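What follows is a short report on a single structure.
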Amino acid sequence: MANWHRLANPTLFLEWSRRVRPWTGVATAALLATGVYLSLFVAPRDYQQGDAVRIMFVHVPSAWMALFAYAVMAVASAAGLIWKSPLAHLTAKAAAPIGASFTLLALATGALWGQPMWGTWWVWDARLTSVLILFFLYLGYIALWQAIDDHARAAKSAAILALVGVVNIPIIKFSVDWWNTLHQPASVLRMDGPSIHSSLLTPLLVMGAAFAGYFVVVLSIRLEREVLARQVRTLRRVQSRG
Amino acid sequence: MSLIGLNLTCARGDTIVFTGFDFDIARGGIVVARGANGSGKTSLLRLAAGYLAPSVGEIRRDGTSIADDPERHRTSLHYVGHLDAVKPALSVAENLAFWSDVLTANAGTSPRPSVGQALDRMGLAGLADMPARYLSAGQRRRLALARLVASSRPLWLLDEPTASLDAAGMETLIDLVAHHRSSGGMVLAAVHGPFAIDDAVTIRLGESRADGTS
Amino acid sequence: MTVFLRIVVRDVRLAFGQGGATVLAVVFFLLTVTLFPLGIGPETGVLRRIAPGVIWVAALLAAMLSLDRLFQADLEDGSLDQLALVPLPLELVAAAKCLAHWISTGLPMLAVSPLLGVLLGLNGEAYGGLLLAMAAGTPSLSLMGGIGAALTVSVRRGGVLLSLLVLPLCVPVLVFGTGAVDSAIAGLEGGAHLPALAAILAAALPLAPWAIAGALRLNLE
Amino acid sequence: MESVSEFLEMGGYAPFVWPAFAIAAAVLTLLLAWSLRDLRRERNLLDSLPGRRSETRPAEAGDDP
């Protein structure tokens, strides 16, 4: 616990993040290359979906990351409120655009996967619908940050929204699943396919790890930018008071 | 009965408003805070009310820090800020009746002045049934100050109470403060210009003394 | 009368007064539902099929519309500072405000919804289900909406932002509310929808006031 | 090993598999580039302020503390 606290001090964070970023970057690139290779060349065709199943190797990890990013936002928001640490709030703020991008990616690849399977670009499948609602939660969170000009108040308000959001996500998921079973006979082909046997699992996990690495790298970049922006704000205010 | 500020530092967002600031109000005492605009007078009052927490230092009410029992502190103080908390759609009497009821809800059964008496005291007798939207700034100010009469609370925090008051209004206010202090009440006021209370302790904000070199 | 009720009464009177939120919300609710037949066509078969969804979506939008002034008016005229000095925890003050919002918008919409059922050709036994579902669902709208109102209290023209923040959170109410009316139309009793609405309300009751009070305290600084 | 063109065909699903990977690549690179650009811009902004040099610039020899 102690060293985490030490890390909460921005200058130490800057140093740590600059040192760690190149290594995570290299590891992520390697994972990504292996993942893509496995997904396109090694993984066997699915007896039902043929090669279209390869879209799953991009769609599923991005859906994972969309949820993971929101979890990071919620934990950082809680930490920010409890320990009153501005760095935690900035972490949540930095994570939001990344989560939103992954959600968008999950929706796009979901549509591309839906087209060959059901002949329509958009399928009101339970998982895809929940991801769409998650996308609006992200937009709301980002919009709230920009709408409140006092930075400290924006941070705490956004933190409350993230916590309210994270409590609601399972409820939304449950209600959308219910809604789905209500209006649509159980579709034979669930989005993530029948049980995934190992030959499909490894590329999925490698791509998942690659996306996670990517998340950490971009998070550290965006977080460093937020820390610097905060220093700029403080310097500017000190100057303005003469 | 006392309100003591110890080595207070107030920060708004990332900027320090004032630092190393102390004040001490005893039973029946009054402290008047003066200083230029933006020197932190309102922040000081909001710290004293507990709306805002000091980043350094603490405020003690009757010996215990207000952070330990915020409920007891905030339900035994009046705060009259720049805004008058008046709903234009309600009548003058309805406005005051609401605040009088909710602010003295369970303050025991001690008899408190009726709304009519409080309005008389503030010179608003004839306007009881008029919708508050037609009040002038000075009259709205008197209605806000009428809360002090309608419900009795030991600590008064007044942010520029004299704003938009005419001479008669000023006199009534001075009278109110004197009466409140004589019955053991405390007052912390932020003021510009004249405030004819000669035995008031004056503290200054926004000058060298206030930025930590005290 | 307790402080809680006194706050509710004042807010309800302000809302029912002229220029208050009630009239606007109910008229908006009626107008929005009336637009659908104009857009989709008058065939009662189609209208009856989409009636629950249309009524619930319109109810969601009408509730959001009347929420952005819930705390903003009090912040701007200084009442919020005074409400924080009342011998009632800020969480309960928030709950009182949400209750007042429900009484001044949720209930009138509830009263008007059978009329909209007629407009959309709902059959007889559906009205009971509609009223029950609206009664169970609209309080959650006021509570979740209250969170949005508190978060955007210091935002100029925060109404649209409020809807963006809150509508995704109201999806469960929409899903189960519509489901309850559908099953009423089909003649089954409420099925699992009403208990689900009740569960959502039970969850929103402690969560919303906590979040609202937290957000309001930020604006009291 | 199947021929290259067969591989590119993706069993007839080429118009879906390749765009999926392409969009993924585009989104990830755009986000990375945008974040790096923001960081660079912020760093320059910080350096332009008279306050003090931004610590993020690796300390060259002879830097005043």
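Residue numbering begins at 1 within each chain, and the chains themselves are lettered A, B, C and D in the order written.
Convention: a residue touches a chain if its C-beta (ideal position, glycine included) is under 8 Å from a C-beta of that chain, and two chains touch if they have at least 3 such contacts.
It should be emphasised that the depicted structure is a prediction, and the values quoted were computed from it without experimental measurement.
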More Cb-Cb contact pairs, comparing A-C against A-D, go to A-D
Taking each chain's mean CA coordinate, subunit A and subunit C are separated, in whole Å, by 31
Report the inter-chain centroid distance for subunit A and subunit D in whole angstrom, where each centroid is the mean of the CA atoms. 17
Just how far, in Å, is the C-alpha centre of subunit D from the one of subunit C? 44
In angstrom, rounded to a whole number, how far apart do the mean CA points of subunit B and subunit C lie? 37
Could you say which residues in subunit D touch two or more other chains, in rising order? none
Taking each residue of subunit A in turn, which ones touch at least two of the other chains? 150, 153, 238
Touching two or more other chains in subunit C are residues 221
Chains touch in the following pairs A-B, A-C, A-D, B-C
As the complex stands, subunit A meets subunit C at residues 81, 133, 136-137, 139-140, 143-144, 147-148, 150, 153, 156-157, 160-161, 163-165, 167-168, 171-172, 174-176, 178-179, 182
Per the contact definition, I'd like the list of subunit D residues that touch subunit A in the complex. 10-13, 16-17, 19-21, 23-24, 27-28, 31-32, 35-36, 38-39, 42-43, 45-46, 49-51, 54-56, 58
Where on subunit A does subunit B make contact in their complex? 150-153, 230, 233-234, 237-238, 241
Within their complex, state which residues of subunit A touch subunit D. 11, 14-15, 18, 36, 40, 45, 50-52, 54-55, 58-59, 62, 97-98, 101, 104-105, 108-109, 112-113, 115-116, 214, 217-218, 221-222, 224-225, 228-229, 231-232, 235-236, 238-239
Contact set on subunit C toward subunit A in their complex: 147, 151-152, 154-155, 158, 161, 164-165, 167-169, 171-172, 175-176, 179, 196, 200, 203, 207, 211, 214-215, 218-219, 221
